[in-house]
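Letters A, B, C, D, E and F mark the chains in the order given here, with residues in each chain numbered from 1 onward.
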Amino acid sequence: MANSILALCRHAPYGNTLAREGLEAILACAAMDQIPAVLFTGDGVYQLLEQDPQAINEKSLRRNLQAMPMFGIEQIHVCEKSVAARGIATDTLQLAGAELVLLADTGAFIRDFDQVLSF
Amino acid sequence: MQFTLVVYGAPHSSEGAATALRFAQATLAAGHGIYRVFFYADGVHNGSALAAPPQDEQDLLGQWQSLQQDHALDLTVCIAAAQRRGLLSESEANRLEKPSANLAAGFSLAGLGQLAEAAAVSDRLISFGG
Amino acid sequence: MTLHIVNQSPLGGSALHDCLASFVEGDALLLIEDAVYAATAPTHHKLPQDNIYALTADAHARGVKLAQGVKGIDEAAWVDLCVAHTPIVSWFR
Amino acid sequence: MTLHIVNQSPLGGSALHDCLASFVEGDALLLIEDAVYAATAPTHHKLPQDNIYALTADAHARGVKLAQGVKGIDEAAWVDLCVAHTPIVSWFR
Amino acid sequence: MQFTLVVYGAPHSSEGAATALRFAQATLAAGHGIYRVFFYADGVHNGSALAAPPQDEQDLLGQWQSLQQDHALDLTVCIAAAQRRGLLSESEANRLEKPSANLAAGFSLAGLGQLAEAAAVSDRLISFGG
Amino acid sequence: MANSILALCRHAPYGNTLAREGLEAILACAAMDQIPAVLFTGDGVYQLLEQDPQAINEKSLRRNLQAMPMFGIEQIHVCEKSVAARGIATDTLQLAGAELVLLADTGAFIRDFDQVLSF
């Protein structure tokens, strides 16, 4: 039986490519039917804000995010503490087609997986 | 037990690449198998045939290559991450009309599906940050 | 007077913290790249009151609204800031 | 039980902080590379009491003395820790 | 006024490379001069002739090269940092007996003395982190 | 007249190459008679601890540090707050041939220079 996989997204978008390359890896897993659970934590929660990176000549990461539900990732997990620590109002976080699940205890959540990919 | 290693760090730039190599050596020495080493993000530079560190610094490339030969290691470099960063095989250089290739012997380019597959079937997956 | 430039998010790394420990009244602070997240809550991140700038392109890219007291500037105004200050110190990674 | 691996210095970045926010009793923490600086003062950096390890090679390289309660291990023992735990989570950059 | 730019970030890896390019364009548009752009640490990868980002991502190399041509820019890549990271000119590849070269046209390799000299004589020096 | 130059060293040794490449740049400046002032701050103060990186197959950065006085860099400036925040006893910081000067106010110090190189 295949392992259960969690993708942990901890980095803000655009400053470096970890955010983008993380999302690309997640979609690649899902395309191979190894559908990972996804948890945004730390600066990774910034990936869930509205974006418009034309002014810095980047493609929007929102496109990659929005592809997730189409690939069968229908729940997106978000660390509640990370959101609060950054002063983000939870209603500004959204992703069409996906349910955002705020987690109070990320440690208990992480424990249940066989493998964790960190980005 | 079968391990998969994911390497995010470029050699001679962050310590993660060297740490991954030491871990790989210890894993094999303990009698475990390495299902795949997947080089991603800046880690793709580990597969550069052109790195020329000073004589008195460690030769990470040579060490990966001899480990690969001795244990038939699967050293897979993510092709998308490599293209962005200018790491190309002969056939990729031709296809993209670039003047030269620089992928080292012992490494092969492949898609992210190889990471997904390794995560699904290995007993343990461990990442080495950049 | 020094122009300090920070490119790291306020909680992601120590760049902003280290910069503020070297900030003197009269200096200017420019937030670029991931550091623009600090511009949403200047008081929370203990930014100085005066001469705080953020690169509009980076803030816009990330959906960051600049709080009152943070001046959004473009690259041309950044060049002018560099002309008006010396030295220029970058705090990164 | 999870094996957490941190490679960033305790004040330089958020990796250790983020890790500790996800640490559950029974988990193990391994400090490698620049994270070994946290092993000099476990209480100051709010490390858990049990199952704290540091890579001896990295500590030695940096002139870091491991405080009581932090077990120094070599790469072979690291492999054993990986065998004994699942999942393995790396916190970096 | 004469500016010197120091670039630490690799393109398609950290934003600093792209930020430096936008700043360089704005500096020249304002009528200032650029004494030198010095690529150091991971920034040396800006000089790679082999980077092949996806069609819909920005072509940083091409933009540096056209800026170089239009303004006779001095784009200097630190030779020691480049050797470690596998960025070689034809003559360096020959000298080090490496199979190929990958330094892009418009960039030149030189020592750290070029950074020291630029810092000493430019009116402003600004660094772009990686 | 040539500019005054300050080198700001903010990164721990070995984890990444910024510490090493910073010291190499400092020595190159000094060799060109552009002798920079040097300030260790943040995690950079860790560079001043004793080191023995043979176990990780690295060359010791202490060699580069110890070359500084030979190149005419006789004072090394260190941020006092950074040392304290890391719980380092100041007497464990030392560099043969150089005087370590602890600075309480790094901002006032930085201001006096024309150019700052950050590492």
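To be clear about the criterion, a residue touches a chain if its C-beta (ideal position, glycine included) is under 8 Å from a C-beta of that chain, and two chains touch if they have at least 3 such contacts.
Quantities reported herein were computed from a predicted structural model and do not represent experimental measurements.
Steps from subunit A to subunit E, minimised over paths through touching chains, total 1. Considering the contact criterion stated above, the chains in touch with subunit B and with subunit D alike are A, F. Looking at which positions face the partner, subunit B and subunit E present mostly the same ones, since more than half of the interface numbers are shared.
The most distant chain from subunit B, with centres taken as the mean of CA atoms, is C.
Of all chains, the one whose mean C-alpha position sits at the greatest distance from that of subunit F is A.
Between the Cα centres of subunit C and subunit E there is a gap of 25 Å.
Within subunit D, contacts with two or more other chains are made by residues 7-8, 11-12, 14, 33-34, 57, 86-88, 90-93. The set of subunit E residues touching two or more other chains comprises 8, 12-13, 15, 19, 22, 41, 57, 80, 84, 124-125, 127, 129. Multi-chain contact residues of subunit A, defined as those touching 2 or more other chains: 11, 14-18, 42-43, 56, 58, 115-116, 118. All chain pairs that touch, listed by label, are A-B, A-C, A-D, A-E, B-D, B-E, B-F, C-D, C-E, C-F, D-F, E-F. On the side of subunit B, the complex with subunit A involves touching residues 6, 8, 40-41, 80-81, 84, 111-113, 115-117, 119-122, 124-125, 127, 129. Listed in rising order, the residues of subunit D touching subunit C in the complex are 11-14. Those residues of subunit D that touch subunit B in the complex are listed here as 5, 7-8, 15, 32-34, 57, 74-76, 78-80, 82-83, 86-88, 90-93. Across the complex, subunit A is touched by residues 1-2, 14, 18, 21-24, 27, 86-93 of subunit D.
Only residues 2-3, 5, 17-18, 21, 24-25, 28-29, 31-32, 34, 115-118 of subunit F touch subunit E when the two sit together in their complex.
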